């Protein structure tokens, strides 16, 4: 029995609210149970120095948490004067994942910045950020196509992400904070709607995990992510 | 006629949502029209070094904006590696204002940190932060009194804040972003529920302002702040 | 009776020494009693990025204190690696105040940086900085007009600044450090020579202040600032 | 055919030189072909704040590169004033991996810092760091046991790490820089000598990868890591 | 002929003003011609961590320049967020030089911080800082002896410092900015009143310098520093 | 008798290994006994802003130490977020010294960055850096002349550097760490192969040193540096 009472392959309630704020080209509030993340996409008509003149665009992500998104207050990174290693690692993962959903050569020389800010944290903030950021990015791409009349659609496929863990020897899907704290292995999967893997990250927190457990986690992630694609499609008003 | 169509002495619609997030001892979402600020209060059982052993508590505030709270994306301060002058100035103002509502000697050696994070900005983020932070702080004080059985109530009085400006020669109340950008003078008032002033800040953006205009702004602020106290009382479920 | 023995509406002895250092386009040592501030103006033939190509100039200020300007040594901000909130707040105030004395469109694409460095602090360093910075800026404008043959005079009017406080219920003018530490309310006024207000900042340090007290402080500030304009005119060798 | 001419399941020549520098409690130069990393272990008689008084030890890692370890010079992080996201991500991975090889409760209140500094980079610097850091940590544990007479051996098992990629559709082992640059998928595995997984990180650089490819990479990593354990044992003078 | 018109072995006019500011335990304005430096000494009842419990004191120095002390404005180090290499190098030199004048074991566990702030720069700011810092330190030691009733006098001997250069083949004493800019070799000497060397730093700016030139510079420095000791003695009111 | 058992005028064993790493235009491992420094030279086709358009090149140096190059672990400067004063001072000295060996006007608009990274420290890291950096720079100049067909050879002369100290009253050459810690005076000399001085830095660590001692140190440095030139020539394969 999981602490949350959910079945081992059961996601938390997923809610995706589009147009959450008014200024961003794409803005989504995504909720995985009690985890709530605002994903805002901003479009700028320039690219980073290493891409100048190459005729393609770029997608990057930044991640932050309100100081009291967590059970105990976390020091504000702006006040500390630097982003911590966990923040850097997560925003690099979000950026890589979302770049995989788009043909960068069809963006023009533009940068899409996806800001993922955690309002409330209860486990899975990086997977929620990717899943919500995907929807916000679709909205921003549509906005751009409307505004700029792009000939080609840069969208390749949706991406979504979920966590899987091994707890008391058994794999469980979409861990909340209490489950995550007591899991022996914690992994995060990012997949494309076509069924391919974009990122697989499995970490043993205690002991090690076996090849069979890796395969069981992979199967569970595939199941969960299929359901997330359905949530994304529904939020986007698509069958 | 104001750009917003409001009467010169008319506040925007005010909404105060308590218990907005689950971890903080006090958590309020305050909306002044399209301006939305999350105010979370965290209590820690320690005081800053300069107060150690003095038998009193402390209240401090931090202020931040989501990067896309604004019309154009603002660079994330955590990524820049420092808080800007505007942020510093605002969080110092919020802290001073909220300290005025409490008898610090009745808090015990505790620090209350009020995090004001702007989700969406449309003018008046500092006045909304003070007004919402006040309600969140009342909740945190009540939480502490329940949890710790404090004999005395540290609350002295509510505080609230509003902006007033001079636009086309006439004073107007509670400016939104467009009004603020076109005002000749911009001022912020903080008052106690008893009617005393805690902070008055008037700034000429173009030209100067006269003593008569200063007095007119003061009268308008008093009127607006009285209405804000009614909103606070209603949110707190008090007559 | 004030700790300083002065009448309630009496300024400290004011001394303004022009051409205090040799390299700056304008250089003033201003003394408000024991408070001594060096104000140096530097002119550069460029503007900040947000003004490029707009055909106007800019005025900005920076503020600092020698580490032992204060009673106890203050840590050097260059060694700490950042400017504190108080410094930021003060230099923003000085910059706004001095920009109000000039028609920026008549400067050409130039930046005037006013460095205010406190050699010795005894209360009122920001008001002395504005008052002395004004004189240094007049000298720098004259220098520029001589060197570049500007057709139009960019100077609109002099500005000056003074502090006023409420102490033991009564308003007093131009507080020194001991008076400032024991005042219930502390306010700073900046005015133009024409009599208009540029900035009004009143802060209750203990309790609150009333509308009548605000008006009394305003009247006292007007009186003190009128005297400061006479000192500025005398230093500039003008009637 | 791989650019390096190696068979798809062939490691580069591995060299492990113990006692590479004289001051560290454990010091190893590890070479994966042209990739050369110095791994130095330092022992301090204290633990980080979050472990104080808990009667256990800690292992942490730091990672750096000489500026010209790379083909083009990389800016020195000490001169930039901060460690980049890639550095943070790698040193967190090294630290997690090496903590898995030790029973922290048998270390006493001590911190082992494993400094991995890349002298020359040609792909696989993080996997070489983990594999070399493991040997240096064994030496430091032996040194500590000799010096302090620890009753129990804190070592649980060796760990080693290798990269695997998908290039032109086929999995290849231990990628050098050129292979890495042209691979479609890049993954890193960390395993214990007992055969369990400690960390699996697979990233699609172009397109996505299939479940079958993930399984093929896993099998290839297991083969490569088994060979690395033999190299570690030989370097340690153990059968 | 030197640009300054001085004889090759002639110092600039030296002025030493004691009690220049009121808060510091020792405060000196020193002028080497147009170079003006404020040297303030602060005493704190603590020592740096590496000296805790060793029963001795410490002397350290910090160096800064007002932004417009120089011909062109120099960016404020507090605003840049770090002290430059030149600043670090100079303040380390000042600290070493002044530590040499005192028996640290007779100070008690106290730190003397000597802040040298350049109001106006015209060459020789580091030599003026050392020479003026010495006098301020004597005053601070006397102040401490009066206040704390130290049994033993920690002062060993005065120190002073001067620059010497090679210009058009000939050695010249105490270079101003223009001379310094056109010198082929620039050196700084620090000596004790007893005639011993504390620091010798010679740098070829163009070409190299010969052993004979080094000896000629040394002789010239000895002559100049003897005169500086006379200035220090006179300022201290000693024969 | 010296702690090292060497004669007072005896260098430690010197080893110079060229082409130590593969990417740099010049790469040298230099060993002064147990002190080991990697010197890598990188060439970039640009100059710093202050040289733009002046038709000349630039040479600069950076210095670092592996954290465990020292007896006790030194905190990583990249993790601290800034380079310390000692690092800054040393890299400025290396840069000045190496610029003296080249005619900058014959480099074209190029920057040579000499990275000196200490793998193991046992005294004399700065003198080893200069001596090894010189050889690496010769290799980089030769590489550039080959690659770019420079008409003129920018090399003026070799430079080398050695430390000399006064210990128990007598001068000794090339101090190791133990000797350095117990010396009363510590000095560093940089010379050109032609016999001229580029830099002389003598520092009294305890007491002072006399003119006769300065001259004795100078003579000893000349002797040692002559031997270092022979080592450099031999490493370069020149008579």
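Going in written order, the chains are labelled A, B, C, D, E and F, and every chain counts its residues from 1.
The rule is simple: a residue touches a chain if its C-beta (ideal position, glycine included) is under 8 Å from a C-beta of that chain, and two chains touch if they have at least 3 such contacts.
Fair warning: this is a prediction, and the values are worked out from it, not measured in the lab.
**Q** Report the chain whose CA-based centre is farthest from the CA-based centre of chain A.
**A** Result for the farthest chain: E.
**Q** From the C-alpha centres, identify the chain that is farthest from chain D.
**A** The chain farthest from chain D, judged by C-alpha centres, is C.
**Q** Could you say what rotation angle superposes chain C on its sequence twin chain F, using C-alpha positions and rounding to the nearest 5°?
**A** About 120 degrees, rounded to the nearest 5.
**Q** Using mean CA coordinates as chain centres, what's the chain A-chain F distance in Å?
**A** 50
**Q** Hey, how far is the Cα centre of chain D from the one of chain F, in Å?
**A** About 33 Å, centre to centre.
**Q** Determine the centre-to-centre distance between chain C and chain D, using the mean Cα coordinates as centres, and give it in whole Å.
**A** Chain centroid spacing, chain C to chain D, equals 59 Å.
**Q** What are the residues of chain A that contact at least two other chains?
**A** 81-82
**Q** If we trace the ring from chain A over to chain B and keep going, which chains do we hit, in order?
**A** Starting from chain A with chain B next, the chains run A, B, C, E, F, D.
**Q** Mind listing the chain C positions that touch chain E in their complex?
**A** Going through chain C, the ones touching chain E are 21-24, 27, 34, 38, 40-42, 44, 62, 64, 66-71, 73, 76-83, 87, 113, 115, 117, 119-120.
**Q** Write out the stretch or stretches of chain A touching chain D in their complex.
**A** 82, 84-86, 88-89, 91-92, 96, 100, 187, 191-192, 194-204, 207-211, 214-215, 218, 222
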